[in-house]
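Per-chain residue numbering starts at 1, and chain names A, B, C, D and E are given in the order in which the chains are listed.
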Amino acid sequence: MDLASIVGFILGAGGIIFGNFLQGSTVMQLIDPIGLVIVLLGTMGATIAGNSVSSLKRAISSIKEVFFSDKVDYEGTILELINYAAKARKNGVLALESDIEASSDPFIKKALSLVIDGIEPHVLMEIMDTELSNIENFGDESIKIFDQAGGYSPTLGIIGAVLGLIHVMQHLNNPSRLGAGIAVAFTATLYGLAFANVILFPVSSKLKINLKAKVLRNELILMGIESIQNGENPRLIEEKLKSFLNESQKKAYEEKNREK
Amino acid sequence: MDLASIVGFILGAGGIIFGNFLQGSTVMQLIDPIGLVIVLLGTMGATIAGNSVSSLKRAISSIKEVFFSDKVDYEGTILELINYAAKARKNGVLALESDIEASSDPFIKKALSLVIDGIEPHVLMEIMDTELSNIENFGDESIKIFDQAGGYSPTLGIIGAVLGLIHVMQHLNNPSRLGAGIAVAFTATLYGLAFANVILFPVSSKLKINLKAKVLRNELILMGIESIQNGENPRLIEEKLKSFLNESQKKAYEEKNREK
Amino acid sequence: MDLASIVGFILGAGGIIFGNFLQGSTVMQLIDPIGLVIVLLGTMGATIAGNSVSSLKRAISSIKEVFFSDKVDYEGTILELINYAAKARKNGVLALESDIEASSDPFIKKALSLVIDGIEPHVLMEIMDTELSNIENFGDESIKIFDQAGGYSPTLGIIGAVLGLIHVMQHLNNPSRLGAGIAVAFTATLYGLAFANVILFPVSSKLKINLKAKVLRNELILMGIESIQNGENPRLIEEKLKSFLNESQKKAYEEKNREK
Amino acid sequence: MDLASIVGFILGAGGIIFGNFLQGSTVMQLIDPIGLVIVLLGTMGATIAGNSVSSLKRAISSIKEVFFSDKVDYEGTILELINYAAKARKNGVLALESDIEASSDPFIKKALSLVIDGIEPHVLMEIMDTELSNIENFGDESIKIFDQAGGYSPTLGIIGAVLGLIHVMQHLNNPSRLGAGIAVAFTATLYGLAFANVILFPVSSKLKINLKAKVLRNELILMGIESIQNGENPRLIEEKLKSFLNESQKKAYEEKNREK
Amino acid sequence: MDLASIVGFILGAGGIIFGNFLQGSTVMQLIDPIGLVIVLLGTMGATIAGNSVSSLKRAISSIKEVFFSDKVDYEGTILELINYAAKARKNGVLALESDIEASSDPFIKKALSLVIDGIEPHVLMEIMDTELSNIENFGDESIKIFDQAGGYSPTLGIIGAVLGLIHVMQHLNNPSRLGAGIAVAFTATLYGLAFANVILFPVSSKLKINLKAKVLRNELILMGIESIQNGENPRLIEEKLKSFLNESQKKAYEEKNREK
């Protein structure tokens, strides 16, 4: 469960609704189906038209990562890798075969199985780098989809506003329809801005941060695997991998290490 | 047929028209030839003036790719390349001569024919890299043309709006001509925003995505051809090329491989 | 003569004027000397202040390239280079001395004369790369000047609009001067947007495209000269240089080659 | 204490308040709790939702650096490093062990301790480069959080303005509630723009500048440590490290050096 | 004296003032102390808060470079370097000792003194590259300060406009104070846009251009010094350095060379 995202979305949407309430309006007074139709369908349409079905599916399924992504456990990953390093140094890399199954992560599994297959170091790195940039590319695609939607949404709000004003102009002498036009103009603008800034951009930002953490962890893994294949000293490998941590993570690592 | 694009464009344009209908207006009430003239001719003019005839032609012909581009078949390409690798390992690269004709793709054809001509690996890579960056450049040019048009379109909408308001100011005492001015002001703004956001930017985005997929596939091909020329083990080549696939593509590949 | 630019500028400006005409206004009604003074002098002033005299001169003289640039003849350049390659292979590079004069292009001339002077390959490449990045830099400077002017122009339109509105506020009780203020407000906005989007940005875009084509051709030339100096097989050089062409250019090349 | 930031924030906020006072308004007339709720909660919500708890904490704790960051002491760092270089040249790198404790900076401490541990130069550089890019990454994260908040804030100001206008439209016949709506519309816009431009963006800019100075100093340190490990002449090391200084820093360095 | 900047600033400011005059307003009618206080103090405050005292001082002192920077003399620099090259080839690099004092430029002085000190070529290049990127960094800092101020200024204009409108709303029944509010609204907008576009951005652009020319000259110097240290033929060095010149500069160089 990602607390920041849950608190953030509640705070953002809540702030707008609470401000509206303080003015003496109800939430119902902010709901206008016409504005909703224009902004939602328009934004969805433009976003869908400019992407492929598979990447749209991946983007939608990545939303749950915003709320339920596990914190990337750099410290545990380092301990796991040093463990492998010690074992490989003592009994050779083939001794790691039993660890592949138990490993915490598909990226480590893949890298370890290539080590055991005896793939040459530079070929292994070529394969794992492609794998990693593949992970980055697919992640970026989802992020861009939310960024695009966040770009379209306010513009469709303005399109809704203009549509409303055109309606107003055509019925200047009919006050009831005039009111409808103005309502569309304002609520469409509101929806467009709020969807983008309170939902879509924060989602994109969170996915970006999660992806960056995942990529950093995989770079740490690659440095570790490379050192294991080179048969380096586990203490040196630890020193190398700890350089990925900041001060507070280093402290957390030392604690975990002691507990072990 | 690209479902996402078709559904997307219908949804986007439909959302605006449906919202307008919900307001009690007809589509006819959104049509204003003056706004259309200003936004369409102006956007086309600015876009044409800043590009060459040949790149404009290519951009226009790329529109059909938005709707009818085949999904890039990474899995099939890998199977094809491993097939060549096995053959070349058994009977030498000259045995691939008969496969050039049958190959699925001009990029593979070109690379294979260079292999058979006995071009040195680093020269072959130099040639194919130039070929690939050439494909990227021409693709980028088309994308930029739609991006440019999408940038001009809303501004020409505003130019139309200002023209309409100037007209309004000059005929403040003539209500019928006043209405015409206001109509131009609003519909030109609407057209400018809608063309850009519901048509031009999604087209550009789709072309970008298609180009990226094509480039990735060609990079996969180059890695495969390089390995074939080096006479590498087909099983290792498979391992290398599979690193271009994500989890679901890897599954699809295994299935295709089993069917074979 | 560059058809796209001429047609484009006529279409762009024509669309605005035609739209204005359809509204029932004349071109004269769009002309306001005050708005013109503010937008033109202001944009020119800001652009001149931020650049050097020499780069401003070069930018102005580059305008004619927008209309009269020759299409870059990649195919002819390849034929010329292969011709040199064949000659140099038969009779040595000194045999190319007579071709320097006849060569189509200062970049080829410079490179050939260095080859004949016996400059070492890596020094020759260092010199020609500096020469090429020099061409790019000076080209970029002109492009940026038009981009800058295109950025200032709409803002000066808004400055003109604000000035007009200040005037309006100061003479609310004098209708004739009030009208003048509103006219400046609208026409200045119109001029600012139209200069930028119908003239300045398309000019910048065209210069960018011409520069890119020129740079690509010079990269092709450098690859060719390097191969000539290495004494490579003309058929291989042809293969290398053809990788710069797209499908339709390859066809055009084959035709030219046959005609020869 | 960072004078520029303190003076700057007082000047920025003071200018707005003083301008308001010159108009004949009091500060109290600028305070509207509804606008404050919408802009503050909305901006905080969107920013929190798009980031992780740990990076938000780090961003908040970095605010004190804006006001209390020490000036980076390049000159002192050079003197310290040359001191180590001289000692290491005379008595070997192990003689530096006692200096680790006394060293002014965790980055130097870490690098020195690796030198003493006898880590090979290229491994040491690999570790320290990762350490440095880690420092940059975490710094960038905090900067981006303030940049994001600065992007959301004006938009939430506009959302507040639209909410206010919707309220106005719903109570056109009730002048007292009408006033409330207009007040929200204007103050929310004001808050959104002022928070971003007078607080958030300057904070981000200051953090960026502090980070850049810290990174530059660490690059200087790495160049020094590398030279110490290579056993280079302290005078040459001084020459190398002084190239990081500008003219006035070079003068300050010569003075410090003389004082010593 | 830099003619372009002086003419440019006069033209830019003059165009606005002249346009205002054509409308029948005087300059005095554009002066509003309240708007000035908000825009100037606000922009200065935000800019100062986000930068360090030393970089703000450097930015202010760089303003005089906008008006009084000497044209970078590439041709003279080449002649000077070739002169050194010839001398060093005849009598060894130590013969250049007497030239350090007489040299035109601190960058040449520094490089020459390192040559004479017998610093190894790759170390010399490392030192001079750091020196050069240092010059670039400090120059960039000043440029960014003006860019930042140019970004804040229009926003503070809008903040001033909103403040004015809030005042208007609070005194709707008091026409004299109403006028004051509207005046602040318009003049603050005007000041914000004009400061940014007629002063701050052109200053930043000019500094950018001057910096680029200085960096290019220093790169030319480094290529020359490297060749001198390698003892290359002065005629080859001339050929190398001339590749930094464009056609008209090459002509100017040939003339200067002949005069010599």
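We take it that a contact is a pair of C-beta atoms (placed from the backbone, for glycine too) under 8 Å apart; a residue touches a chain by one contact, two chains touch by 3 or more.
Please read all numbers here as calculations on a predicted model, not as lab measurements.
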Min route length, chain touch network, subunit A to subunit E, equals 2
Touching subunit A and subunit C alike are B
Whole-angstrom distance, CA centroid of subunit A to CA centroid of subunit B, is 25
Subunit B and subunit D have mean C-alpha positions lying a whole-number Å distance apart equal to 41
In subunit D, the residues touching two or more other chains are none
Beginning at subunit B with subunit C second, the chains that make up the ring follow as B, C, E, D, A
Given the complex, residues on subunit E that touch subunit C span 2-5, 7-16, 18-20, 22-25, 29-30, 71, 154, 179, 182-183, 186-187, 189-190, 193-194, 196-198, 201-206, 209, 212, 216, 223, 236, 239-240, 243-248
Note: in the complex, subunit E contacts subunit D through residues 33-35, 37-38, 40-42, 44-56, 106, 114, 119, 123, 126-128, 130-131, 134-135, 137-138, 141, 148, 152, 155-156, 158-160, 162-167, 169-170, 177, 180-181, 184
